[in-house]
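Per-chain residue numbering starts at 1, and chain names A, B and C are given in the order in which the chains are listed.
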């Protein structure tokens, strides 16, 4: 028989003593109840310590807390540590505060309800089993996929913390999209020089191995034991064993210059960037002709105008200040939410850049071989003050479409990651876990999540590096087996669970060399002829358990019996 | 039938439903008398069989408190719960039970009032439907 | 694999009308994979039956079992003890499994709980489609790996017929025309010339089940 210790939490007076007494009186003297102790604030570190001592002294094997929400105690265990010798899965909480006292108006009914809840909790505690804790050794080795500025920045940050990095780049050189950029909007140095410096720093760093002209072909394993097969352009393959993986493959640009957009007056931001860098101050020449006026047309190509806004304001300022050009920025919306952008915007305005806000997309036509933009300026306060404008400028800067890297789909398949709505890599949680992916140990950073400006991307690279360092620096990954487990003898290998697992934690593994079924149990190196849940990669959500047509999967910390016990029904 | 207090099994996703129940209690919003909360790590844990078993073993109604759609921490747990519910509804129809006996309610952690209101509404609805005639 | 679909509950209830104690037996192979008769479905169906009968006022006791493969005599034998305790068996295995149990338990009525539908493939999770009719004389080598017997509504050996329109079948508009698929596949393989080869008519009366029960005997394997 289980020996159960009862802890009654007064919750600082929320659960009054007479009420507590009425409840506990029913179980006092029952053989399985070893003791019951009163506390005023059980979630505090001191009380937890006292609780630990009680449990130790009385040699009980189960504990029940009568108090507030289990979430409260779980939070305090997270915060102050779990001092109790008892396996955490042998401790149950009856939520008397929120679910009876505060939820039932009539006191008699509340007592009745609370007693029922207490008995349910005792029953749950006695039918629970302990869950083993384990830890997985982690070697400080990572694979960073993509040698753009995100990958470069992450690799350097990781190397500085003593982590080995394989930097995988499919092209010949590092640098990626940043090489098309000449100037930062918020830093004085030139982008190319900055990239060159970083690349040379990488080449000097013994912890970073750059593997260029190479692509990821296959990925096996999970956090701590990934096996990444990479293939070089010349066909040779190698297997890397990183503990964690960062995807930083960036985005792609697509230039569509059909119809009127094929006119020579249209250039892209990237072309303008080159033009600005190649011309000598103070005169801007394009094809031998002097450029005196430039219009920027935003929102035509990309729905999200943040990057285009930054580039337009940055280039406009350069054009105005260095080359004495008249600039016009036509936009439906302008996003100046990045660091320092508000200031740049004001400066551009003060220097005479015209900002024209439109509702209806501008009409483009060719007049005397030049592009004429007809637009209605809606920035006036009164509707009748809106007036039509015709703008003739030497050049019109138009954005390229920023689209997901064409390899994203394939990479997602290889890596077992999800794609978001627009086809980019999807983060685990856009607010809380921006750079984590759906798989433990795989991170997504930079433009592969959505197009980002350089400064934004560098921030994100820093955040990602922090996450990776936090994961790997301890040298171990502690976990417990509160996960799903497949009984291989029942598994019909129907593939339902690997298809449904949101964390790609389930794989179907081949028979052992001799086709021998191994008895159920989670062990390293065991060969399964069935689906296998990796206990490190599993988040314990139970989706696979609910779906398995053979009922071959159990959630170890919440098997069927504990669900039925919670229902508290007959049978 | 005068004093019929319907028995409701309320499955609560640990990410939304359970904290919402805590909040409802904290706000001293009354729950109907006969509710049994079942805490699950994700609505995706709730098997179709649990929905039927709850009714078979004596519940008059079942509620699933799951996260809002597209808001599941585990990507599709709430959607799986919804699909399983629709399968259970088809079976209920064949069994000859009202499908209103099982319902899903999407909410977030801060939806305590919504949770309490849903429980009350369900309780009233079940009072009108009467006791579950199929319980064993 | 074999694909099956659960029979409507009302039909099953009709079979079981005069019985109060049954065994509901699933199968751990094909019908588990197509989610028609695995342990999960057995549990669901048993629960639904119990409730339906309770509501009718004639409670039903339903025992549950799911052998690894119902179509093997050894696995059927494992059910012997349980079958002795019941008045009838409802099997949610395919038609083969139902017959194995029927053969094994001569005194106990065995009812089918599923309709065995076809030999099919998983198109996407939860969607299965017919691929083979077990006609007994495979011609897939001539049709680029797409079976006209299973997939053409008219089972044409030399198609397509005049009803193939925009790649779809005229009999079932949402279905792909098998001969369009064959054409596309052969085109992709660079073997379009095969379309010109006439596939001779089949002697269905001799080669298929029209000639009566089919049987495979491997003398070397017999024990």
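Criterion: a contact is a pair of C-beta atoms (placed from the backbone, for glycine too) under 8 Å apart; a residue touches a chain by one contact, two chains touch by 3 or more.
Every value quoted in this text rests on a predicted model; they were computed, and no experiment measured them.
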Pair of chains ranked first by number of touching C-beta pairs: A-B
Farthest chain (mean CA position) relative to subunit B: C
Subunit B-subunit C separation of Cα centroids, rounded to whole Å: 36
For subunit A paired with subunit C, centre-to-centre distance based on mean C-alpha positions, whole Å: 44
Between subunit B and subunit A, distance of the C-alpha-averaged centres to the nearest whole Å: 31
Junction residues of subunit A, two or more chains touched: 500
Two or more partner chains touched - positions in subunit B: 47-48, 53, 136
Sites on subunit C at which at least two other chains make contact: 40, 43
Residues of subunit B touching subunit C in the complex: 47-49, 52-53, 55-56, 91, 94-97, 133-136
Interface residues, subunit A side, partner subunit C - complex: 490, 492-496, 499-500, 548-552
Subunit A residues within the subunit B interface of the complex: 69-71, 95, 97-99, 101-105, 109, 113, 418, 429, 438, 500, 502-503, 539-543, 545-547, 555, 558, 563-564, 566-571
For the subunit C and subunit A complex, residues of the former touching the latter: 28-29, 32-33, 35, 38-41, 43, 66, 122, 125
Contact set on subunit B toward subunit A in their complex: 7, 9, 18-19, 21-22, 24-31, 33, 36-42, 44-48, 50, 53-54, 57-59, 73-77, 80, 84, 136
